[in-house]
Amino acid sequence: MIGSPFIQREHNSVRLTMAKVMAALIPGTLAHAWFFGPGIFVSLLVCFAFALLFEGLALLMRGCCFKDFIGDGSVLVTAWLFALSVPPLAPWWLYAVGILFAVVVAKHLYGGLGQNPFNPAMVGYAVLIVSFPNYMTQWPGPSYLVMHLPSLAEAFDLVFAGQGAISADAYTMASPLDTVKTLMRAGVAKVDILANPVFGRFSGSGLEWVAGMYLVGGVLLIANRVITWHVPVAFLAAVAASAAVLHAIDPGNNMGPLFHLLTASVMLGAFFIATDPVSGCATPRGKLIFGALAGFLAIIIRSYGGYPDGVAFSILLMNVAAPFIDAYTQPRVYGHAKGGKVGR
Amino acid sequence: MSPETREIIVNGLWKQNPGIVQLLGLCPLLAISNNVVNALSLGLATTLVMAVASGSVAVVRDYIPQAARIPLFVLIIAALVTVVELLMHAYVLALYVVLGVFLPLITTNCIVLARVEAFASKRGTLHSVLDAVMMGLGLTLVLVVLGGLREVFGKGTLLSGLDLVFGPVAKDWVIQVVPDYQGLLLAILPPGAFIGLGLIIAARNWLEGMRARRARVDSPLGQTA
Amino acid sequence: MIEFRNRILVTASALLAFAMFGAALLSGTFQLTRPAIEQSERAAKMKLIAQVLPPDGFDNDLIRAARPLPADPLLGLRHPGEAYLAMRHGQPVAVVLEAAAPDGYSGEIRFLVGIRPDGTVAGVRVTSHHETPGLGDYIEIGKSPWVRVFDGKSLADPQPVNWKVRKDGGLFDYMAGATITPRALVKAVRRTLEYFQAHRNELLATTKEQP
């Protein structure tokens, strides 16, 4: 079995890479807090705590490498990506269940860092969206559209003590994607749907800024050579192209490419999740195929599926295909002819 | 107990367990294991069909022409399954509705044909029946463990749906394992079956691995090797 | 050559013998179980229908009193369904209609509605649906008592403008996360009531006119 590229380097280098990824997540997280309240900091903290706890326990039980791996930061990246994918202000046990599946089942049962076939954060998300769809669709609205966004102290109360003084109706709002889906199926005309204040200039009000900040972080990652351009570019191009085709076929019932690019987790998925070197592809051509198919599937699942978004499912599906794609896109070794024969 | 009998029992329940070692008949195993009652019912129905099928094939094995044996086996199995299906339709309708298409599909469960072909057509009647019952019980065991896991994690109960078999009286027999449980829907839905079966297989392999390691250490060769 | 023919004959007669034995076994079991199957099917159907009837009971044979229901757009049915008239002492106490909501979140939601002669709902039960598990499936009585919100409602109460879920400005509660499902069901129940209003006399006619 071949390990992922980065496990063979020094552990310091894993730690450095993870630190860079986390730094790139800061702008998006801050934008999220700006528009949707400080609740994200609470959920992030809870996810970090559970991630370290489960990672530590799993490493101790495996009895081999506690000291080598506990400080590598990879589990914090997983926890951070997970925290950005699930609604803040949900009860603490929801995060615990998600992180348990992400860290213990998706990562350590498969052999730990570098051996997991699926992206751990997305496994955690998928488990939650399938198991607790009611909690997973309660997103807070932007501060200027809802009655009262919980403060930091109130957010702690909500997460640990459950629904206390503030009812969910005071701060939650149907997400733009959900609004579009619900109203389109009810036969409301698209112009009237878009008049809803939850929509901003391009996609969700506030959400488009968060997506923009993920884009900034992602470009920084490429500039720092933490990731290559292949996956994000292919992913975003495929999202835009598939959305454009659907929109061209039936403009009344499909949103345009710009809306899809800037909605929900497309930007996060393109730069931070589909680029996972362990569960994704390793060869350049493989990365292009992986990204493009994931983007295409994301739009298909988002448009026709029963769950709110398709990015997590599409990336998980492509994770299954990644080794297969890699096997068929091995670059030709210099001096060898096409088809693997040794040239003269 | 003769060593042969012993081996048949150990093979069916553990060493060659159809559900987690041979991995035969997974389709109904995955589909009907969302709670203990369903799992147990399908497991017992399959065991019954297997026992009668293996027994009757073993009795008439000398009269079955080699060339037509597979169609004949399928004919016997299909007839038996239909009888079981009719009986369940008549007397436990609710359960019949829940098991749905997976009841007639016992016919196509490879484990039934596999035991008839590999064992009953070559061995004595008593051993054939014992083998079929043990293989069936091995499958039932996996079904019940998987069903129990999925039910406890999914709904926090055990034995819900017992009223399908025993009528409304049995509604109170449900065991609430975890009070006020939120429910982990994933466990009840199809993915839960795959994940659960994977975990059970992993647990068995882990146990076997430990036993193998211990055996190596205990054996005199283990010291020197 | 003769040996080959003999072998074919033996094989064929073995097949024939087993097939005949199997057929005999099956037809025997079928004959034996048929009355029991019919009875338990009827009992199951009665149990389902009885859930949407008023609790004070009825004394006629519902299944025999079944009459065809056309595939009317108001009922949302794609194929003709059935209506069951429940009577006590020769007086109709309620009629049960099969109906469907075609616009659920993922496809059709089929249900039964029991309607009293005065046009109020005696009960609604969903018989089949494909809604998202954990989100839209609270319309099942086994998952949540939500579907009882229809009990006692009629076209006059609430007013037609209020026959909507709360989110659309109506009077019907729904659960967070899924509005499409209850919206579809509320609309479909209202339409079924409209159908009842339009065909009240034929639906409540105590003598079944034979075609």
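When the chains are written out, they are named A, B and C in that same order, and each has its own residue count from 1.
What we mean here is this: a residue touches a chain if its C-beta (ideal position, glycine included) is under 8 Å from a C-beta of that chain, and two chains touch if they have at least 3 such contacts.
The model shown is predicted, which means the values in this text are computed figures rather than measured ones.
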Which chain's centre, taken as the mean of its Cα atoms, is farthest from the centre of subunit C? A
Counting C-beta pairs in contact, does A-C beat A-B or the other way around? A-C
Between subunit B and subunit C, centroid-to-centroid distance (C-alpha), Å: 34
Rounded to the nearest Å, the gap separating the Cα centres of subunit A and subunit C is 43
Inter-centroid spacing, subunit B versus subunit A (mean Cα positions, whole Å): 39
Where in subunit B do residues touch at least two different other chains? 183, 185, 189
Could you list which residues of subunit C touch at least two other chains? 133-134
For subunit A, which residues are shared contacts with two or more other chains? 130-133
Interface residues, subunit C side, partner subunit A - complex: 103, 105-106, 132-135, 175-177, 179-180, 183
Hey, which residues of subunit B end up touching subunit A in the complex? 182-187, 189, 191, 195, 202
For a test of understanding, state which residues of subunit A touch subunit C in their complex under the given definition. 130-134, 137-138, 168, 172, 182, 185-186, 306-307
List the residues on subunit B that touch subunit C in their complex, please. 63-65, 67-68, 71-72, 75-76, 78-79, 82-83, 86-87, 89-91, 93-94, 97, 183, 185, 188-189
Given the complex, residues on subunit A that touch subunit B span 93, 97, 105, 109, 127, 130-133
